[in-house]
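The chains carry the letters A, B and C, assigned in the order they are written, with residues numbered from 1 in each.
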Amino acid sequence: MNEITTILISTIAAGTPILYALTGDMIGQRAGIISLSVEGSMLVGACIGFGVAYRTQSMTLAVLAALAAGGLVGFLQAFLAIDRKTNMMASGFVLMFFTQGLTAFYGRTLLDVSFRKPLTFPLPFLSEIPVLGPVLFSQDILTYLSFLLPAAAWFVLTKTKLGLLVCSVGERPEVTQAYGHDPRKIQYAAVIIAGMLAGAGGVQMSCVYTMSWSNDMINGRGFIASALVILCSWKPLRAYMAAYLFGLAQALLVYLQVKGVPISMYVTMMLPYLLTLAALGIISTSKKPSMPEKIKVISTGP
Amino acid sequence: MKIRNQWFALLLSLCLLPALAGCAGDPYAGGPAAGDGTLRPGEGTEKAAIILGGTKDDYGFNYGMYQMAQQMEDELGIEVVIKENVPQNADVEGIMEELISQGCRIIIPSQFGYLEYTKNVANRHPDTAFYSIPITDYTGDNFSTMHGEIQDIWYLEGVLAGLYTKTNNIGFIGSIPIPDVIVAINAFTLGIQSVNSDAQVTVVFTGSWDDAGLQTVSANQLIDGGADIIAPFQDSVKSVIEVCASRGVHAFGCNADAYELDPDTWLSACVNTGDGWIPYMRDAIAGKYETANISGSFDVQLQDLARYGDSVPQEIRDQVDAVKQQIINGEAYVFEGPIYNQAGELMFAEGYRPPIEEINMINWLAQGINGTLN
Amino acid sequence: MRRSKPLDCGGLTRLLEHPAAHVLACTLIPVAVFGILLFTEGKSVMETYRVILNAVFGTRYGFGEVIVRTTYLIFTSLAAILPYRVGLANAGGEGQMAIGALFTAIAGGTLLRHLIGPLGIPALLVCGMAGGMIWAGIAIFCRMKLGMNETLTTILMNYIATYFISMLLFGVLRDPAGWNYPQTVEIAPQLRLRTYFGTRINAGILLAVLTAAGVWYLLRKTKAGFTIRAIGGNPRAALYSGIQVGKVQAMAFLAAGASAGLAGAILIMGTEGRMRVDAGATMGFMGFLAAGIVKNDPILAIFSSFLIAALSVAGNAMEINTGLPAASIQILMMLVLLTIMATGGRKNRE
């Protein structure tokens, strides 16, 4: 296997959980609610998904459980942020620490078990293509779905009435109201969907990617995903770029060390964050980001 | 401009406050009153404590310490409290005070970041026995050191890997470059080179003790690069073993016997053994505490090689055991010169056997390792 | 913005807005929920709560530990409050505190090590503030000049701070006499803060409370505070009325960095003595929470900081006494914070 293929496979693998959480949180943010709690949703998705997968040996049930669990955390975030008007960053932090505790506490029995069902499903013919074949077409179902996810989110958010409704809540809730829809319900739905998608990202991470459950295995990835939404300027199609940028940085972290490239290991570890910062700088200066009005009020000045 | 003046006033007052508050003063002093001094350190202990940096069920170092706790409970008949997830900072001083107030009289701080706080607490509580695992020069009075040297074991793992590998390509997933990890990489490589001059070792660091995602990326890339054996120096080795199992390669463990996770993928590991500790603690409990300053592996029964995996053939086991015997009776010495670093400079001269103090200070990688420390 | 009815019934919500009922709810609900968890784990519920109370109020040393942590949390919560008041969000208290601590440790171990205490200690506090301000300054510079979102920048800068500090601790700053462990040299003994009452309490807590009071005074009683409130209320209107919004925002952000940096300086001079990778870990995040649960009120933040500090100290005692895993502390602590958030009044400013 050549090196480019190796790097690309690592990039996709490391980027996929991020892609789920990122797309999810983007939908939530378009409706005006930032969910740092996607970190928590990913954690419970990873933990409960892995537990269900191990007990039932069924990946379908695992994904459903992860969706439900992630959605539940999303619901809590929605309740705190929408009905209780808490600082949505703070509630995200709290839910993250809370789920860290819960999963570490109840995940103890999952630390020594394995779930080894082969999940890879190479597509006929397509997977034979050199370089791209093994990277794109020799994956598991969750990864295939993630390829479609941002495109689907883009379609729904920009081309359908439902999507416009979601975005209108984030921009001008009065308008939504005037058209006879309840902005609060739409926000709830958006944040719960954010949690569900993040839960799917979590189960992908535990069942497919690392094939194990370990304490706090998400380790800030949900956080990063939530931050990357801003990098995408709330445009769903840019989620590919942002998530795989992070994946690439993780892949390069290992690759540069394997090749013995003489730069400090810590610089390589900073790389994902530095790259994100740099990209953010470029995007912010070149064009004013299309920030949802509600979030603008909360997180920036004029 | 008014605004600026007020900000200035605020900042200025912030600077002046401590001087006014009179907090400048003597060196750090104080702390609760010392014990009455009639008891020897650890005498009559009913409760001991082990302070860990991670969680006890990680199948790595902390799991090994947990197993030792159980051994202490069985053989000494005392209760052993485990305190998990203690960061390597000053918090540990408060935690030790709490442990002592709960009646713990033997305390085992497991990480180097606890050392000087342990010394502070040890000075205040002369009737409590402290056994540090990392090597230090704070040793004295009720502060003992029981440092398990891992280079011998990692050398044996290297011998095993060098004999076992078919692709002559071995991967090492390090956590952070602290002395133990650097020593392990070098000893492992020297072990491989002693039996297989063709094999190459590639080292990557993840910068974390338990990031499953980075472990997976590292393992996969090393395997893609041709490695058929992965040696992690991580706390939590579960995901490395799972990835290796799914890719059909083999893996070592780290600091705990995790044979049961996957007997086929498992090769072996370096493990802590409680056998070396028990006599010292038994003496302490009986009121015959002596300051211990121990550093070693098989010879002092602090470290040993874990069970072999099912796939390790008998002739390799025999060869590894033979090398183990040579180390025990002094014929072989892991870091015996000549040893060269990556740049080819002579680090230990021909025939020189560096003491543990020097081994601990190694901050270079041995010749033949792919990877970098900086 | 709310149009439809809140999720819970209105009467209960109104009842909870009474302060006494609120405090009662915030105590009883987590205690009850966590009690169920304890019960299902087969632990004695009453015994566990006795241990928790005893850890905080039962021993002088334990109470001292709570106060020591409260000190850092007050500073890091102020680091979140000040920017919030001018319409910015600073999630970077963690990194700013760490860099402040790093600066203090470097200065105290090298440049300033021969200074006498009364000069050296204020100098080190300034070093810590400078460190925090530089780290916050990068973020606010990116905000002002490049239009980069400061929330994202500060979150990313936390991670960068961690790796930056690791790089230095494993490299040039490694104590040559420290057995090759990644830590700086110890700062000079005359630069350490004096401790009182046989605990580790130092003058830092006084400084922290006074700073919080000062911020309250600044916000409530001064013209600058009026400006800040105007910006926090409606930045655009403030801009149109001739206030130099950007300038005030930048200064508030730098002051926030200085506050987090002070936490780092006191951390090093008080308990740590030298810089390590783990020094002050999670204090920045917890400070952000301490600010968040009291809706960014500087005086209330003192109490929320105390609460979080008390829970973390009590958690250690609980783990030691009951043998529950470390995660259970986190569950209890977050249950308390979640309840505070979920029952908090909606009448507060958004």
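By our rule, a contact is a pair of C-beta atoms (placed from the backbone, for glycine too) under 8 Å apart; a residue touches a chain by one contact, two chains touch by 3 or more.
Predicted model, so just to flag it, every value in this text is computed and none were measured.
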### Message
If I rank A-C and A-B by number of C-beta contact pairs, which comes first?
### Response
A-C
### Query
In terms of CA centres, which chain lies closest to the overall middle?
C
### Summary
Here the gap between subunit B and subunit C, centre to centre from mean Cα coordinates and rounded to Å, is 32
### Task
Please work out the Cα centroid separation of subunit A and subunit C, and write it as a whole number of Å.
28
## Note on the structure
Rounded to the nearest Å, the gap between Cα centres of subunit A and subunit B is 35
### Query
When you check subunit C against every other chain, which residues touch at least two of them?
163, 166, 170-171, 325-327
## Note on the structure
Expected list for subunit B, residues touching two or more other chains, is 55, 177, 207, 374
### Query
Residues of subunit A touching 2+ other chains?
104, 108, 215, 264, 266, 269
### Residue ranges of subunit A in contact with subunit B within the complex
1, 5-7, 9-10, 13-14, 17, 104, 108, 111-112, 114, 116, 205, 209-217, 219, 221, 250-251, 253-255, 257-258, 260-266, 269
### Query
In the complex of these two chains, what residues of subunit B are touching subunit A?
55, 57-59, 177, 202-205, 207-208, 210-218, 220-222, 224-225, 236, 238-239, 242-243, 245-246, 260-262, 370-374
### Task
Write out the stretch or stretches of subunit A touching subunit C in their complex.
76, 79-80, 82-87, 89-91, 93-95, 97-98, 100-102, 104-105, 108, 173, 177, 182-185, 215, 220, 223, 227, 230-231, 264, 266-267, 269-270, 273-274, 276-277, 280-281, 284-285, 288-289, 294, 298-302
### Query
Which residues of subunit B touch subunit C in the complex?
2-4, 6-7, 10-11, 13-19, 21-33, 49, 55-56, 81-85, 87-91, 93-95, 97-99, 101-102, 112-113, 116, 134-137, 176-179, 207, 360-363, 374
### Task
Please name which positions on subunit C make contact with subunit A in the complex.
1-4, 6-8, 37, 84, 86-89, 91, 142-143, 146-153, 155-156, 159-160, 163-164, 166-167, 170-171, 231, 235-236, 239, 245-246, 249, 285, 288-289, 291-293, 295-296, 325-331, 333-335, 337-338, 341-344, 346, 348, 350
